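First comes the structure, then the notes that go with it.
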Amino acid sequence: MTELVSLKGIVKHFPGVLANDNVDFTLRRGEIHALLGENGAGKTTLMNILYGLYRPDSGEIYIEGRRIEISSPRDAIKLGVGMVHQNFKLIPSHTILENIILGLKEVGFIINYKKISEEIRKLAESYGWRINPNAYVWQLTAGEKQQVELLKLLYRDARILILDEPTSVLTLQECRILFQALKRMAREGKGIIFITHKLDEVFAISDRVTVMRKGRVVITKETSKTDMSELAQYMVGRPVLFSIQKERTQPSGEAIIIKNLKAFNDKGVLALKGVDLVVKKNEIVGVIGVTGNGQQELVEVIAGLRKAAEGSILIDGINIANSSPDRIIELGVAYIPPEPLKYSIAPNLTIVDNLFMKAYRYKPYSNGILINWKKIYKKADELIKNFQIISPSLSTKAKSLSGGNLQRLILARELSGLIGDKIPKLIVAAYPTKGLDIGATEFVHKTLIEYSRKGSGILFISEDIEEALMISDRVAVMHDGRIVGIFKPGEVDMEKIGLMMAGVQVVPAI
Amino acid sequence: MAKTSRIPYNIKIQKRLYYSRKLSILTTFSAIIIAFGVAGLFFTIIGLNPLEVYSYIGGVFASPTLLLESFKRAIPIGLAALGLSIAFKMNFWNIGAEGQMYMGMLASTGIVLLHVYYGLIPDYLVLSLMILAAFLTGGLWCCLPAFLKAKMKVNEILTTLMMNYVAMYLVDFLIYGPWRDPKGYGFPLSVPFPEYSKLTVMFGEFAYGGLLLLCLTAVIVFIILRYTKLGFELKIVGENIEIARNAGINLSKVVTVGGFIAGGIAGIGGLTIVSGIIGRLRPRASPGYGYTAIIVVLLSALNPWLIIPVSIFFGGLFVAGDILQATLRIPGAAVEMYQALIFLFIVIGEFMKRYKITITRGVVE
Amino acid sequence: MSIQWVEQVLQLTVQMGTVYLLASLGEIYAERSGVLNLGLEGMMIMGAATSFIFSIAYGHLPAIFIAAVVGALMGFILSILAVDMKLNQVIVGLALTLLGIGLSGFFTFPEIRKNILLKLNPSLPEEMLLTQQAEKLPEIPIPLFSNIPILGKMLFSHNVLVYFSLIFSILMWFILFKTRIGLTIRSVGENPSMADSLGVNVYMVRRATTIISGAFASLAGAYFFIGFHPFWREGVTAGRGFIALALVILATWSPLRAILGAYLFGGVETFQYRLQLFGLGAQSPYFLAMLPYIMTIITLIIISTESIKKKIGAPASLGIPYSREE
């Protein structure tokens, strides 16, 4: 019996979405199985079912040939199934050791820190990792945190390891270490499921690959018997390298000039180490890079939400570094923050409240003391139409809107010229298409391009290289708090971009 | 089969997406009734006849004189609650209405003393200056914890609580010390307030003038929350601080100004105690109106209109407490306990509103 | 300033501080697991009231035991409201505090005390039925150690609850940081959903710590009354439960540091009484009475400064009810 896991006919509905449509999947002992697909293809849902986070509507789960029910991660762990999520589930204020042994009855009542610490150190060393089990998790890099997550599973003798996009937060070097360790684990007879949307990784590590699209399995194949372009076709279901019809407008004048910008992150570490960047009017500048290299801090400093330690940000000759957010808004900077529900949309407030969350204080909607709700409602009606926001009424709570509608709501608020009746001078869009379906993504792309044509300068942060290449006039690569290269799409090949993202200087920064 | 008697009960708790107004009113009234029941049980245990107690409480609302008395008590409670409704709207857990009321009493008494002892203020200005002083002092007393929260994230629950004790002892200090009436036979009392410094100057009866003041304040609070820039900002800050920051709202300013208004209104509530109900300052002049106000405002779901009738109900309870103490020799604590029970069951009612509990019997697949 | 004076002040400091120490020990456990017990003051005053009545009726030890049970019961009620019903912890805590203060107020009335006492113990003599005070818990000096100058009075000449509080501080520190149970409690307060996925019963842990915090708060009240100041008046604990809440933050949620913090607050209060004896505030004692509360506010401000806050974090999910998703 070489089959560790066998999923048969898994179906899972979410309200309005068929996330898994009659999916079959097998994992063999000792293999690394890549699960490939675009965002929203149903990969994570399928794995969450195997990990007991979701119950399937129908379908059967077999582990080592035995039919089983998994109703919680607890059950899954008992069966030897472990999962490393994209967002690490670790307690930062605890030590590595404490994170690893939590919930293990075997460690006894009084914890023998010395003995367990030695065990963990040995276990880690057997995979080529050097860690101090008594270090606190908040002190670790993303790569080390991931090692702790894996150790947590290995210490529990998990035989089936699921990794959800494990490389998205890693540097190239850290990726290499991870891949070596994974291969070693596979040699020991464990089964590894590797969720990814990056083609190169499939070939770098997997023995077999399963491609999912729109909730269905398209194909399962030995990795050695396929190639990149075939997999890409399966993945998107149409010829790759589609491009948007984009009439390039000649950039004119600077929308923003950033000079030698430095800033600290929440932990007090220097996260921006001297950023120089110019965005012209009519221009889209895409910023790509491995997540956590200062992108978040950069947009926050521009929006006035984070203090700049040094350097300047000029808009129309005015230095806005360390200005208050409202001052920056008044100067014509629109900001589309990441994670709408955390930073931008108040779910319990109505659509109108959310639409006018910034404009409420300006004329003609307010006279400085009172708010003119009549004018607000009238304008809101207009915006709803223009931005195609689908909702029963203006007084509906924002939490009842879908992701795409929420993003449209933000676009309407930020771009429609509510403040000063003009289009924004600069649009800072941080991961604006993350988690959106294709239709909504296209709407965002089109809207941004439309505004760049109208004259806005756009700073577009993305973790999707292809997306950035597609809609940007210029692309900047960010690494370790600096811009390490700027080029026009088509000028530089993917390999060089990858090197730049890993911190290797290839093209002199313009 | 023998096993049929062991069919299990299944309790299922589901979140309700929506609940009707009817359900809301129903749970509120059931909470009040259950609180009566539990209190009655306690009365029985300690050897009192609950029915007798209840008839006294009910009697308060049936007698015109006592009802008028309830109106009077409702005024400071209602004002403090209106202040709290602003604080709670921005998610500022002000437990300090009691202290803010004491500061209001202190400030208005200070004005009276300036007038009586030093003749600094003309008669006709005294009352208006008292109102102003009470508002400012109560406002500052709330402004400080609000500012500390906005700037340094100091836990406002604890600071406002501590400031209650500080204010209370400050009043004690003054009234046992420098402010004691020299002609008061050594009792810890201030000089009696002159007539023109009392709220009875309006309509000759404090209850009427006070009620008018309460209603006017409710209108103002309603307008602030619904139709002003500040009200909109309070709402967003209360919803989520990160989002408010993103929207360019000046957090410290909103929280400090909101705190100031909230405390100021409570301060005026304090003024109504000394210049309306008692007519002079004495220690422990508030029997916990500021804490009752918290119950009132949560029961009214921050709705300024509802605060008025709910305050009258709780004012009536205080009157009933006094009567019980005088006639049945039941401590005033009975009222406090009863209030706390209503509070507790209202909160539990909140759970019943949010969740639907179904109990079925049978084997579940 | 004689050595006796110093000894007396230090002894009083520890005795006063023990009120805060006992209350904060339980609260540390509750908050470490993510439950804010704002009912502390109510539980404390109920502990004082219970020990008042039961020490008259049955003597000291039963009174202490029953006080702890009453506190545990209030903790249990809080756990149902805050943990199981997932209600706002500030509101339910406040409701329990008001309830405790209200209930304890009944014991101010001699007739009611008489009724209850007669039911508990019909053979009590008449003067015991109406007394406002209880017999103080006897001090048990530890032989040899209590003769050490200064330290002897400070640490080894106390009643049993003071010793108990010190032993439990150490024991509870050990459990919290060196055992599996402690790790479980701390993890539940930091990331309940993760603890849940690793097989920890989050609700059970939180219920248990809430009940413990109730028992300790009530013990603190009982100690305050029969061990320190056995004269009943309404609202006898006067907000000391709230001060203990601030102390928990000052102690950065560690039972060992709570000892220092508790004695610091105890010292301030002792100092205040001493100053009164010196004639300061003779005109009106209430001026100095503000001192502990002002001190608490200042403490709260100091520990909220950026630089200190970075080093000590509150449990990440403190005050947030846990409900398992789908």
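Per-chain residue numbering starts at 1, and chain names A, B and C are given in the order in which the chains are listed.
Just so we're on the same page, a residue touches a chain if its C-beta (ideal position, glycine included) is under 8 Å from a C-beta of that chain, and two chains touch if they have at least 3 such contacts.
Model, not experiment: these values are computed from the prediction.
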Among the chain pairs here, which one is joined by the most contacts? B-C
Compared with chain C, which chain's mean CA position is the farthest off? A
Averaging over Cα atoms per chain, report the distance between chain B and chain C in Å. 27
Approximate Å spacing (C-alpha centroids) for the pair chain A, chain C: 47
Show me the residue ranges of chain A that touch chain B in the complex, using the header's touch definition. 303-305, 324-329, 335, 337, 342-346, 348-349, 353, 357-358, 360-361, 366, 368-371, 373
Provide the residue numbers of chain B that touch chain C in the complex, in ascending order. 42, 46-47, 93, 95, 148, 152-155, 157-159, 161-166, 169-170, 172-174, 176-178, 291, 294-295, 298, 329-341, 343-344, 347-348, 350-351
Can you check the complex and tell me which residues of chain C touch chain A? 178-181, 183-184, 186-187, 190-191, 193-200, 310, 313, 316, 326
Going by the contact rule set out above, which residues of chain C touch chain B in the complex? 38, 81, 85-88, 90-92, 94-96, 98-99, 101-106, 108-109, 111-112, 115-116, 119, 234, 238-239, 242-243, 245-246, 249, 283-287, 289-290, 293-294, 296-297, 300-301, 304-306, 309
In the complex with chain C, residue positions of chain A that touch it: 53-55, 72-74, 77, 89-91, 93-94, 98, 101-105, 107-111, 113, 268
